[in-house]
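Two complexes are shown next, each including subunit A; its partner changes from subunit B in the first to subunit C in the second.
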Partner chain A sequence: MTVLTTLALTTSLVHAQTAWTGGDDLPNNPLACDATAATPAAMPYDGGVPTNPPDRKGKEITVVDVPKLIGIGYFDATSKGIAEAAKEIGTMKATTDGPTKANIDDQITLIDNYITSGVDGILFAANDPVAIAPVLKKALAAGINVVGYDANSEPDARQWFVNQAEFNGIAKSMIDSLAAETGPDASFAIVTSTFTTPNQARWISEMGAYAAKCHPGLKWLETVEAQEDNILSFNQANTLINKYGDDLKGILGMTSVATPAAADAVTQAGKCGSVAVVGLATPNAMKPYVEADCVKSVVLWNPVDLGYAAAYVIRAAADGTLQPGATSVAAGKLGNLSVINGSEILLGAPFVFTKDNIGDFNF
Partner chain B sequence: MNWRKLIRHETILAVLVVVALIILGNQSDKFLTVDNLLNQGRLMTEVGLIAIIMTFVIVTGGIDLSVGSILGLVAILLGVFWKDLGLPLPVAIALGLLVGTLAGAVNGLIITRFRVPPLIATLATLALYRGIAEGISQARSVRGYPDWFFVLGQGQVLGVPTQLWILGIVALLATIVLAYTTWGRAAYAIGSNETAARFSGLKVDLTKLAIYSASGFAAALAAVIFVSRVSTTRSDMGTGLELDAITAVVLGGTSIFGGRGTIIGTLLGLVLIQTLKNGLSLAGIKSDGTIVLIGAALILTILLTNIFQRNGNR
Partner chain C sequence: MVEPLPKTSGVRRSTLARFVSGYGQEIVIFCAILILFALVSLINPRFLGANNLTTIFSGNAYIAVAAIGMSMIIITGHIDVSVGALIGVLATISGTLAVAGYPVWVAWLAPVLVGMCINAVVGVLVAYGRIPSIVVTLGMLSILRGGLVSVTGGAWINDLPPEFLLAQQRLLGVPAPVVAMIVLTALAALWMRYTATGRSIYAIGGNAEAARAAGINIERRTVLVFMIHGAFAGLATILFATQLKIIQSTVPPNLELTVITAAVIGGVSILGGTGTVVGATLAAILFSAIGSALIFINVSAYWLRAVIGLLILTTVLIDMARRTNETRSAKR
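Up next, the complex of A and B:
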């Protein structure tokens, strides 16, 4: 026992230089404080290439979509978009099958089985960028087209990644919305899924950098983990409210589960108006809180469009019309999407839902 | 020859495995291929290692819920020892295995010294070890292991995945120990009647301590293989793994009340679950449907055994 405790202490000391509660250690690139658009630097293609794929040009292909997990509104929406695009394209059969929990091992095993069953294409949203890489590389080696959306893997483990919005763009929308609601000198806390979840970690890291640059008065209290769990998210938000009392002026929700749960906690604590909730979430889940004026801004892209774009991208990759070095790709009703960062396809700028427009969306 | 002696749980299970193999083989021509079967062996190794030692634990009438957390802890420590403390990777692996064994020994001490029921003791350490793992890792992943390390989880020896050899060796040793040594007999005796075992002069506490330590070691070994297979460490590795292992053991015919069970039964249970998971997936059934069918198969197997053995033939 003492050995374990000593171990825990010494090893955590190694990490304990700063009170780190979220984010990753990658370099940040905060956007300008005003609305100046960033100019993306040109980068050579850094994705992978399938080994000796059969000629799939114009032929019917079978594609499996493996999201982080099934049974939550967000990934229901992406798979809806994929199904919609597959129907439009006509030569693509797409099924969605994912783990029932956001579990790295279940997702890897599932993909492994689909490689064996011989699909033409795999769409994925990674639970861990590194852990998923070996199995995706195996798929590429088997000549399967591999395209990611929502949550990336290591670049060389897939051909393309459909990026819903750039991390620094999300960070800017979130922090600007928060500062607008709470004023420039407020304290805030973050409810995320887990510290390792790549997207959330990246957003948090970028938010920290952007806040430091453009809203230096904001005080980041801490980040708490709540998995993708509704009850846990509620409890964590509730704990934050009790722990910081009147100091807490805002809660940022990093997942489509955490944000409505945080809004619910604020509502039940009777803190509407004194604790702002800003977060990533789907409009349907947030409508009650937005209409009750408890939540003013919900940041997101359209996940249906995200799935829709991913389906067009994998079709184009299978046809060979989307080649390394391309600068854009045609994605049906979304028009031409541009290639950024070497092998990513950008869906667009993040969208901020407010009381005025949230009623126009249904997902 | 009493015909009923042939209808043991293991026999029924073996028949079910064969039936499942045939049915699922007919559903997909990708299922009964050497590549796929070997690959499935690769995927079931981590649960398998833990389930084999869990058989001992359950045979003594105990349970070890902390194995998934020990796996997570050792995985994290492996990364920390290697990357943050700068130790050579083989030393980090050895230390990781040592910590896993110690974590198991702590379970054993709490259970034998303080007479805490195994369910409660390991439920507590399930939370404790996972908490330590998360505290140490601060949710940072360790990546960038050298290529030779991946041989363990992704490579093969003589055409068979490396970890399957390890699983085979551990299974063989465990079968011999449980079936043919005094240690094994002591485990059965403790599970059947601990008081009687104590009065017979068996070293009950020492046996239990050894078994829980071995369980920790198995979880640690699984952790090293897991890290090598997925090429990164995360503090949430192995979450829920204890239930997969216990399912395999119980499906294999080991009595949850102790005193009865075999390693071959556990291996058959393991194979049956993996067969169903993989075969149903290849047959085009989605993962949520697969879970339902596996649950149904579990109940069916246990019912079948109960029907055939209802005369109390143990």
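Up next, the complex of A and C:
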């Protein structure tokens, strides 16, 4: 019976899946093939507003930072940036407290507890944009300043969202780096966390659009899931190498877990130089592969800067210096950051770590 | 002494029939693996390439090794939901020692010893404290997971010394995780089949009072089984932590469930008393093979979860049916 079940499922589904686009049906907006910067369209403020907040201008505020999860290098780095900014600002106490795994229910419970215990501000990186919205609205209704970073909620559930990089910007960096390493007509595959993770899904969708526009010769073979699991990511990357053999010229890693695992798979398979690995990852995890010349481009923003910017934004929102309709906000050493898409603040263009600069970063 | 695998049917049967009945679930899974390999290789012959076989057999070896200890726990009539968190803690300890410059054998031995110590505490609370194992291990799960993040601050371990990476080694061309999986499964299976202590754990899980009447010190045996399980968790940790150059302080989510699932699909009755470690190892290989097969035949990985869910339900139903039959034939 077990055999029959296995058989029935595996055979009947052979043709069930076509290439998964990772898309969420939102329109894609591929950037220009050259380095022309996109001009963001002006949009009215679409964020939320806290109800009757106390006057916090210049006063000491307590802020809690609730990332998607704690325990990974990436959110370690964002909380480091938040702490750094809070220290600079002086009138802000910031603590980080997130779920131990990327679980939306745990995250909602945590935020709810902080609303009850009383804080002046909440910084968050959402595990689910829709599911997190009610609890954030509850915070706004309690007069708490709410600012997102890394992963957005529905816009009206928070005041501002600090966008580390636009999806189309990341997509351009990834695909341009891949094409530069493999040549214009290479076949590649993607290792992602899950098809439904919002950020990863948008990046993949934008990569498809940008590749079709600017590198039409690239052949996208498939996308595989590996959750946030390094051994599974390693196994999935290996399986792709085994499945496509010499046809596979590149692997794109969509998470900071998948990319080093894919690089290790390529290294252990002795395919360094013949299979390019380009991906989103933290520099510390990628240093061994970059220094061994197995990986040439690691695409990311600086997550320390991201947390740093988010802290300045919530301080400005609490002070009332960042109001709906503003076009930029001062963020300490980062200078002035622009407001885009109504209520988002753009950190800047993605950063590509290479052998030349990766040693300068430690996170 | 106690008969480990009670065959309650009084009818005389051929050796083959007895073998099939004693290892029914293992044979079913073995056949499922063979059929899966045959079918997928028809669609894509590269599935049977040496590299892919390596990926399949070594990919889930750490789960198979952890499932050996888990099988013993479940056969004894208990459960452990903390093994995933335990492996995370042990991996961090092992990696930290390796990076700090201790000899690699210290870094490899530490998770085994620490795993035994932690699980000795669990075993004592279960056996002498009379607290249900699910409660003790749920508590341990929170302590380990929370403690790990508090202590490490969530930082990854980078820069592992190359000689530490045992799981990347090969022995006569066979990847070390595969060798470890086969040797440990065989040792555990022989121990459970042919030693008095090994056989007694079936007696405890089958009927604790009868086992006590037969002179088995149930408390001491239970602590021992938990400690052995801790040792296997430590061995699984070595395979887990030495596969890549990085150790994440977060282990795969739901790792404990994967390990329990491997044991149950492998034929270990969730009610205790029956099952073998061979089945659990085969089940871990089957999961790995299904995962790989889905990629080879272009099926979404979401089906892996659905397929495994179906396998669990099917297995438990078969187990229930078998128990009902045994009770009936015993009454006849």
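Brief remarks follow.
Quick note on the criterion: the second predicted complex is superposed on the first by the 343 of 363 C-alpha atoms of A that agree within 3 Å, B and C clash if a C-alpha of one lies under 4 Å from a C-alpha of the other, contacts with A are read in each partner's own complex, and residues count from 1 in each chain.
Everything that follows uses one rule, which is that a residue touches a chain if its C-beta (ideal position, glycine included) is under 8 Å from a C-beta of that chain, and two chains touch if they have at least 3 such contacts.
As the structure is a computational prediction, the values presented were derived from the model and not from experiment.
Look at A:Lys287: by the touch rule set out above, it reaches subunit C but stays clear of subunit B. Of the two partner chains placed by the overlay, subunit B and subunit C both lie in contact with A:Thr100.
Of the two partner chains placed by superposition, subunit B and subunit C are both touched by A:Phe195. In the superposition on chain A, no contact is made by A:Asn52 with either subunit B or subunit C. In the superposed model, A:Thr109 makes contact with subunit B only, not with subunit C.
Of the two partner chains placed by the overlay, subunit B and subunit C both lie in contact with A:Ile70.
In the superposition on chain A, contact of A:Asn336 is made with neither subunit B nor subunit C. In the superposition on chain A, contact is made by A:Asn235 with subunit C only, not with subunit B. Taken together, the two structures place residues 1, 3, 7, 11, 14, 20, 70-71, 100-101, 195, 225 of subunit A in contact with subunit B in one case and with subunit C in the other. Across the complex, subunit B meets subunit A through its residues 28, 30, 33, 35-36, 39, 43, 77, 80, 84-85, 99, 102-103, 106, 132, 135-141, 143, 154, 226, 229-232, 234-237, 239-240, 277-278, 281-282, 284, 286-288, 291. Within the complex formed with subunit B, the subunit A residues making contact are 1, 3-4, 7-8, 11-12, 14-15, 20, 22, 24-25, 70-71, 95, 97-101, 103-106, 108-110, 112-114, 116-118, 128, 130-134, 194-196, 201, 225. Contacts from subunit A toward subunit C in the complex involve residues 1-3, 5-7, 9-11, 13-14, 16-17, 20, 69-73, 75-76, 100-102, 195, 222, 224-225, 227-232, 234-236, 238-243, 245, 257, 260-261, 264, 268-269, 284-285, 287-288. In the complex of the two chains, the subunit C residues touching subunit A come out as 28-29, 31-32, 35-36, 39-40, 43-44, 46-47, 49, 51-52, 55, 59-60, 62, 145-146, 148-149, 152-156, 158-159, 168, 240, 243-246, 248-250, 252-253, 265, 288, 290-303, 306-307, 310-311, 314-315, 318.
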